[in-house]
Amino acid sequence: MAGIIGYGAYIPRNRIRVEEIAKIWGADAPSYKRGLGLEEKSVPSPDQDTITMSVEAAKKAIRRAGINPREIGAVYVGSESHPYAVKPSGTVLAEAIGATPECHSASFEFACKAGSEAMFVCLCQVESGRIRYGLAVGADTSQGAPGDALEYSAAAGAAAFLFGKENAIAEVDETYSYMTDTPDFWRREYQHYPRHAGRFTGEPAYFKHVLAAARGIMSKTGMGAKDFAYAVFHQPNGKFPLNAARQLGFSREQVETGRLVPKLGNTYSGSSPLGLTAILDVAKAGDRILMVSYGSGAGSDAFIYTVTGRIEEARGKATTTRDMLDNNKVYLDYGTYCKYRGKILKAE
Amino acid sequence: MRDVAILGVGMNKKWGELWDMSLRDVFVEAALNAVDDAGVDHLDSMYVGCMTSGLFVGQEHVGCLMADYLSTTPIPATRVESACASGGAAFRQGFIEVASGISDYVLVGGVEKMTDVSGDEATSALSAAADMEYEAYHGITFPGLYALMARVHMERYGTTSQQLAHVAVKNHKHGAMNPEAQYPFEVTVEDVLGSVMVADPLHILDCSPITDGAAAVVLCPLDTARKISKKPVVQVLASAQASGTIALHSRKDMAWIKSTNQAASKAYKMAGKGPQDIQVAEVHDCFTIAEIMVLEALALVERGKGGQAAESGMTALGGKIPVNTSGGLKAKGHPVGATGVAQVIEIIRQLRGEAGPRQVKGARIGLTQNMGGTGGSSVVHIFGAV
Amino acid sequence: MANPARYWREIPQRYRLEAARCTSCGEISFPPRLICPQCRSRKFETVTLKENGKILTYTVTRVGPSQFADQTPYAVGVVELDDGVRIMTQIADCDFDKLAAGQRVRLEFRRIQKQGDAGLLWYGYKCVPV
């Protein structure tokens, strides 16, 4: 049965705390922390971008899968911060991991669900038999406009998944996508920062699609919340996934392993995918996992995975997501953060 | 092969930031001074040492340009490039042309015009002396490369930042007596150690500056010089050059300048002299650590002990073997292509007895050492008063 | 605008650390060469460099060339990889005060240079302390 044969994550080591951002804009840090359910977020170094993080995450996935990268038939990166608007991030990634030249690539874009889209397409290609292995990465170095609510949460990270038909460490039992034209958050071409519709991004956007996708996949498979060991939802802040979990009947314990956002921030296309990697770092054979992404604009991709016995042997081959999240951190002040994120207007 | 002598020397009036002088202006001023000092009315050939007129001012074909502006066409005019050893390498080519019998009067000039670009563009241009794809690509600069060498030297031999600073202090003390120098003033060890860090552990005062300047000499057969020279005659006793790896990381020992040692060995042999015979020397102190390592490579001090030379006064005027009485690259300035030729001029002045307050009394044998990059090329010459 | 060819032809080295091992004496050349610097043989086989190594010497560049001017200060050093090959590389994600010769490092894929806002992005390896 087709599924994930290898996975890998990459989180940059820089962090900035909510307090540090709030103090510059005269905002009340405690209420932001409470309201967003978030304490700090990751920040990429100036020499890191969606491509560099994808390469590091992908190398780990390949190590865990134990395959020859030459046999990867497709390399897709889903992001809303591709370094090039025209020239897929996957071309550099594929070259770096040695998957070229007999390989397909394209850049995926759908706000925060570009990563899960790439995963969906790789799975289908593998299931059809058209390719032997497919690499899907969800990665972002998203930007939040200065002083805007999104500045507190827009973070950086990458999650990579290799899909194959044999020796899966997590088989895909089912998929379900739910998508409409719901303009809750968008970015026009050539604009530097995205725009969002405030409270409209909640109930008619995130919740409508996440809940519909979750209910849709559970109905399709005849499953309920109790059938899952873990669930991971898209995490734009610490509150939304808890709220979705509650509405769907999941317990706090079921979602806590994959809920990285309080210390990571929202890694956009990496959000639920990174949550999934953290779950795979600890899950046992037979555990069933529900993953539901969300991309503004809007849509959700749902997946049900069942972990196999191969997870134990594969997992130890690379660093865990929690290790990168919790250790070796460097805290930045707002000035350094702005410098790193290119928010300072410089002379030509 | 004929014996070769220096008939005339000349520099442009002063080295430094020469805003109103172009590349050709600086060179021609120095060249005319050399020609006048030589008292000749024609030349057979000329060489121009220049590292990168292309990157600094966008000008190539510099041999032709200078022959034109010096009004010496149609003599052969060739640019010689070997990064910071361009001047020394040009001198060697001029020496070979006279020694071979092909020409009698050869002008060798060196020039660099570095201030028509910004400071960081100059840093970039200078990095072209390194491996562009595997050193400069990663952001290494020249101070950075010498800082890497300094760290190895310091960790292995216990060389200290103070010892490095003493090199700058000594060279500034000499330079303060040189009216042509860019920085004719003294500095203290505290000044050096307190100056801003450029690439740890090198401070800005450990580094030679960005300079506009030119220097030129006229060479001729020794027999001719004996007949016509109005100044004491100085002979070229040896000319040697060696190449090394371009990248620092390709060297087995990153704290040893092998190409200088190889060129020096050949030079000593050719001159029939040894390090103990050298009474005055001009060496390539692009950075303070460079002088320290070069003294070792020239076998003027024991390997590893270079740090003690300036600190102990051994290489100061009045010491056992004065090094860089001109002020060196540090105080005199380092217009890259001109340096190798200016080093020769200082030694000629010393051996002629013309060095004024910088005179090393009774100096009869002198040495110049000029090098490119981190030692990818080294040129050593030995001179003798006749 | 610099022609991309100059960057593109070094990709196997910069992205995948492809080197050439002399089949006569075993010396590894990085980048690959046509003639062995050790024994002057002209036959090679392609090998990939090891990703782990140690710092031999390092410095912190505080005054950079124009292409790196806004990245200063940054650490750069000579690293000896576990297969004996030495490379020049930046040391990223490091505490300058904790840098030391002998420190173990691992290579990571990073962006080395940017050709302004509209030009190409140049990638390659840097090392990070382990």
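Things worth noting here:
The chains carry the letters A, B and C, assigned in the order they are written, with residues numbered from 1 in each.
By definition in this document, contacts are C-beta pairs under 8 Å (C-beta built on N, C-alpha and C of every residue); 3 or more make two chains touch, one makes a residue touch a chain.
In this text the structure is predicted, and so the values were computed from the model without any measurement.
Chain closest to the overall centre, judged by the mean of its C-alpha atoms against the mean of all protein C-alpha atoms: C. Set side by side, the interfaces A-C and B-C show unequal numbers of C-beta pairs in contact, with more at B-C.
Between the CA-based centres of chain A and chain B the separation comes to 58 Å, rounded to the whole angstrom.
We define each chain's centre as the mean of its Cα atoms; on that basis chain B and chain C are separated by 31 Å. Those residues of chain A in touch with two or more other chains do not exist in this structure.
Along chain C, residues 71, 90, 112, 126 each make contact with two or more other chains. The part of chain C that touches chain B in the complex is made up of residues 10, 30-31, 37, 56-69, 71, 74, 76-78, 86-90, 96, 101, 112-113, 122, 124, 126. On the chain B side of its complex with chain C, the touching residues are 118-121, 123-124, 127, 131, 133-141, 143-144, 147-149, 151-152, 155, 196-202, 245, 247-250, 254. Listed in rising order, the residues of chain C touching chain A in the complex are 11, 15-16, 70-71, 90, 92-93, 108-112, 121, 123, 126. Of all residues in chain A, only 13, 45-49, 51-52, 55-56, 83-84, 92, 95-96, 98, 330, 346 touch chain C in the complex they form.
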